[in-house]
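Two complexes are shown next, each including chain A; its partner changes from chain B in the first to chain C in the second.
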Partner chain A sequence: MSIDKTTYMISDKGSLGRNAMIVGALFLVISAAGWFMDSPQFFSSYLVAYIFWLTFALGGLFFTLVNHLFGSQWNIVMRRFTEATMYSFPLLAVLFIPILFGMHDLYHWTHEDVVANDAILTAKAGYLNVTFFTIRAAVYFTIWFFISRTLYNLSLKQDKNPDDKIILRMKQISAPGMILYALTSTFAAFDWLMSLEPHWFSTIYGLYVFAGSFLAVLCFVILFGLNLRKKGYLTDIFTVEHYHDLAKLVFSFIVFWGYMSFSQYFLIWYANIPEETIWYLVRWENGWYVISLIIIFGHFVFPFLGLLLRAAKRSFAWLKFLAIWILVMHYIDMFWLIKPALSHGNGPHFNWMDFTTLIGIGGLFIWNFWNNFTSNPILPIGERRLEASSKFKV
Partner chain B sequence: MSSKNIETDASLDYQVPLIRGNPTFASITESVSKVTEAKTTKEWFVLFGFFSSLTMIMIGSIGYLIWEGTGIWGLNNPVGWGWAIVNFVFWVGIGHAGTLISAVLFLFHQKWRTSINRFAEAMTIFAVICALVFPGIHVGRIWAVYYFFPIPNQMDMWPNFRSPLLWDFFAVGTYFTVSFMFWYTGLIPDLATLRDRATNKIRKLILGVAALGWRGGNKQWKHYELAYLLLAGLSTPLVLSVHSVVSTDFATSVIPGWHTTIFPPYFVAGAIFSGFAMVMTLAIIARKIYNLEHIITITHLENMNKVILLTGMMVGYSYSMEFFIAWYSGNPYESFAFVNRAFGQYAWAYWIMVSCNVIVPQIFWFRKLRRSIPVMFVASIFVNIGMWFERFVIIVTTLAKDFLPSAWDYFSPTIWDVSLMIGVFGLFFTLFLLFIKHLPMVAMAELKGVLPQADPHFGHDGHEGESK
Partner chain C sequence: MMDNKNVLAVLAEFKTPADLIHAAEKVNKEGYKKYDCHSPFPIHGMDDAMGEKRSPLGYMVGIVAFLSAAGMWFFQYWTSAVDYPLVLSGKPLFSYQAFGVAAWAIMVLSSAATALIGMLVLNGLPRFHHPLFYSDNFTKKVNDDGFFVSIEAHDPKFNPDETKSFLESIGGTNVELVVPDDEG
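Presenting the complex of A and B:
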């Protein structure tokens, strides 16, 4: 792998993309065997893995949108990272198809006999039904794809034609894009995750999932940036100052995530209404309390303390460790959101299909990311503010 | 130095100077200090007379309330919390913009804040004072108000530590203390400037005491900046915590329409929203009267309008989530609470709220309207009205139709509800007028720090335009 210093194109893509695709495809084939062996297990594993990788794309979309919207400069050096991450919705839409096949195993509101004997589910049937669910999913993917493609194309156009009008255009698209993003990501969280337990509801749920997805992409950018850095790329452009600022964002979103999860837990605990507390009860009984406690300490307390000091935010080794740590916690968090709903009173256990689907979808996701990333200059070279961005100081 | 400069939209000339007219250090000192030194104008006295009369109405209303009891308000059986709590939440919310501007924007290196932060912080403190009027008096038996405080007493009686009302006491108390310290710390160098300019002995003495012996030495600045940073760090969680705790007054209950998990962030967004609107209302008037248009520029106001648009949309998001989930819950009581809000006896209040908070800010999509003083002035007042009604809708409509239809009733305010609300507005503006007259309303020392000539590289590389 090498880089052209004037065009900032990676001329030799190396084997990462190909390897990721092969591994991904292989693991998905292995997982598919599980589909025939134990389909409920397969679909629950698949959903966890799918949502985990989806959050990177959604987080990347948010990161790109918010920075266009605020006209910030510091992130320009890493804009191609988040653009390549968000431009994965076609792939993710294809990978969503198995979930449509698995709806009967995943969402018990799809069982007509259950709905018919349940007044609450009957009342919701106008929203929770297979047709509308599928249409909504199609709408979400269309919107995400459309916004991300428009922004990515504009950014690439800027490479050849550095015109200020493009900056303005990206901003103009990002404003309504942000509104669409807020609504679609919220309802996607309601549809794909919250409706696993269709009697339960929480108004903050969309924000909770959003907080995790933004953290995911921040950690992804940190890890990928450090990886390039190790190979000697962008060392004087994507500097410690940028990592410091990223770490600040990670810190604040660790707090934001903690704030969201605490608000939800605390209000439900305090009011103590059975129809709401049941959600936490199934995440406490039968050994699930271990996972719940891991999330409290691992997803909040430890990274909070670990990022308090300035030196910690500027240490590459420490940031790398923490980014991996937070991603592991993020996976556990998604596991904890989904699995207890489907485990029917069983305790937490990690099945081989959880592993194979995670690697399978992840492999294809990385392949797609790497393809996007290496097909274009790895910096937005036509961006007028690029130099200011590379000289950014915290 | 940070490169996160602000930018204006259409021109994309993002390196616009923060301050217009290329002022010098001396001219900033002059234009800010002279407001406090010049002879008090007749207009000021007229305004002061007016607002302090309103404050007298407040005092009178409180006196009668203590004499007669809370029966003088429009409270009835299901609606036991009326305007007093509406006003309390409203005023606590107003304060949030000050903290956000002073602490959060400081940590985000948003330099445009320097023109408005002093102003906004003062507003925070006065708003919290106004808010604190209500919990004290709404208890009815004012002589027992010390039951509120967790202090040892001869009856060995303690407040319920599991009650959100007690958390309110801690949250708002902390908020006031930290905001005050933050504001005062920032004032010290400016008070010293005023002291050095004072021509009369008593003024010099008072300002000298208030400036705590500030000499502007290197060491002093070093300590000052560290203290300021730490206080900013302490204030930041308060932006979230205070209104989150206020929201738990409602959300920890089991009342449909009050108990919903989005309440904490929803209240915080609403608080910032209303606070920015109030800063806007005040800043537009003050910059005009005291000729500070070159310091609080149209770009500052435009940025604030963007924040209003953004937070207005967050509030709109919360309204829609509440509504959707109320339906989605399949719980008839939840659905009823929201349908009743929108189409029941208080529908007028609900639609005032939606129009003012969600529809009106949409005009700020247009750059022209974002930069039009009359438009933003009117819009900011609408937002304040809307946010007052938001609290009214949440509190009163929810209580008026509770679980027991035979108990339903309609809340109408009495003259004493109205007089108290108007009176507290009087208190707020009275305090604000005193502040404008006697203290530097713009943070001079900080503002000088963002001028081009404060950059150590200024003039060194031959082209001065660079360091703008």
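Presenting the complex of A and C:
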């Protein structure tokens, strides 16, 4: 792997992309065997792994949108990272197809006999039915794909033709894009995750998933940036000041995540109505309390304390460790959201299919990311604020 | 010749923010401690140029935040589970979930108050007067287009004549000895 100093193109892509694709495809084939052996297990594992990787793309889309909207400078040196992350919706749309096949195993509101004998589900059938569910999924992917493609193409156009009109155009796309993003990501969380338990509802649920997805992409940028840095790339452009700011964002969204999860829990705890508390009850009984406690302390308390000090936010070794830690916690969080709804009273259990689907989808995701990243300059070289961005100080 | 005993500080003016930064570096390097830079707006890199240590304010706020959150939490435990046990909406007496909200609010309030008061105290504020206000040049320009370095008389290295010539040697203009002015 080497880089051209004038075009900032990685001229030798190396084997990372190809290896990721081979590993990903191999693990998906192995997982597909599980589909035939134990399809309920396969689909629950697949959904956890799929949502985990989807959150990176959604977080990347949000990061790009919000920075265009605010006209921020500090993030320009890492804009290609998040652009390459968000430009994965075509792949994710294809990988969504197995979930459509698994709807019968995953979502019990698809069982006509269950719905017919259940007044609440009958009343919800106008929204929760297979046709509308599929149409909505198609709408979400279309919106995400068009916003991300438009912004990515504008950014690439800027490389050849540095024109301030492009910066304005990015803003104009991002403002309505942000509204669409908020609506689609919220409803996607409702459809794909919350409807696993169709009697239960929480209006804050979409924000909870969003908080996790923004954390995921921040940790991804930190890890990928540090990896490039170790190999000697962008060392004087993507500096400790940028990592400091990323760490501050991670810290604030750790707090935001905690705030969302506590708000959801607190209102339900206070009202103490059985149809609401059931959601927390199944996440406490049969050993699930262990996972719940791991999430409270591992997803909130530890990263909160770990990022309080300025020195901690500026230490590469510590940031790398915490980014990996938070990603592991994010996976456990997604596991905790999905699995108890499907485990029918069984305790937490990590199946081999959880592992193979995670690596399988992840491999294809990394392959797609690496392809996007290496096909274009790794910095937005036509951006007139790039110089200022690289000299940014906290 | 002026009576040097009355001199409160030496003041020098610089043309641009960049000049001010370089001047600050030189004054710092020369070993002066009781000096300050004045500009109409914040200048990036000034803290480093002046060799300023980081403010202890963050640690003060952090300690207060933890103590007040823990204190408020404990206080609620004491009132509702020890001193006057009262069952509310069928919840246990020690309902730590509910205590979190008030503990959080008190933490935010006390941290904000500490940050504000601590900032004022560390800056030596509030005060009614400052010797530099005796200088007409300073009061006229410092909020508009003047960039100043002042070295105060109680600096151990301070000597009116030497300090004045030092500030002139590093490019200061309108160098003046600040003396009390009875007219104002």
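Everything that follows uses one rule, which is that the second predicted complex is superposed on the first by the 394 of 394 C-alpha atoms of A that agree within 3 Å, B and C clash if a C-alpha of one lies under 4 Å from a C-alpha of the other, contacts with A are read in each partner's own complex, and residues count from 1 in each chain.
In this text, a residue touches a chain if its C-beta (ideal position, glycine included) is under 8 Å from a C-beta of that chain, and two chains touch if they have at least 3 such contacts.
A quick note: this is a predicted structure, and the numbers were derived from the prediction, not measured.
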Inset, instruction - Record, for the superposition on chain A, whether partners chain B and chain C clash or fit. - result: clash
Legend entry - Partner, of chain C and chain B, that touches more residues belonging to chain A: B
Legend entry - Touching partner for A:Cys219 - first (chain B), second (chain C), both, neither: neither
Legend entry - Touched partner set for A:Thr186, first chain B, second chain C, both or neither: first
Inset, instruction - Classify the contacts of A:Ile268 with the two partner chains as first (chain B alone), second (chain C alone), both, or neither. - result: first
Inset, instruction - Applying the touch criterion given at the start, work out whether A:His199 contacts chain B, chain C, both or neither, answering first, second, both or neither. - result: first
Legend entry - Touched partner set for A:Ile99, first chain B, second chain C, both or neither: neither
Inset, instruction - Applying the touch criterion given at the start, work out whether A:Arg310 contacts chain B, chain C, both or neither, answering first, second, both or neither. - result: second
Inset, instruction - Check the residue A:Leu207 against both partner chains and state whether it touches chain B (first), chain C (second), both, or neither. - result: first
Legend entry - chain B versus chain C as contact partner of A:Gly71, first or second or both or neither: first
Legend entry - Contact residues common to both interfaces of chain A (with chain B and with chain C): 266, 270, 272, 393
Inset, instruction - Using the touch rule from the top, collect the residues of chain A that touch chain C in their complex. - result: 262, 265-266, 269-270, 272, 308, 310, 393
Legend entry - Residues of chain C touching chain A in the complex: 44-45, 54, 58, 62, 89-91, 97-98, 100-101
Inset, instruction - Give every residue of chain B touching chain A within the complex, in rising order. - result: 1-7, 9-10, 12, 14, 237, 240, 244, 248, 251-254, 259-265, 313, 317-318, 321-322, 325, 328-331, 365
Inset, instruction - Would you pull the chain A residues touching chain B in the complex into a rising list? - result: 71-74, 119-121, 123-124, 127, 164, 167-168, 171, 175, 179, 182-183, 186, 190, 199, 201-207, 255, 259-260, 263-264, 266-268, 270-273, 275, 385, 388-389, 391-394
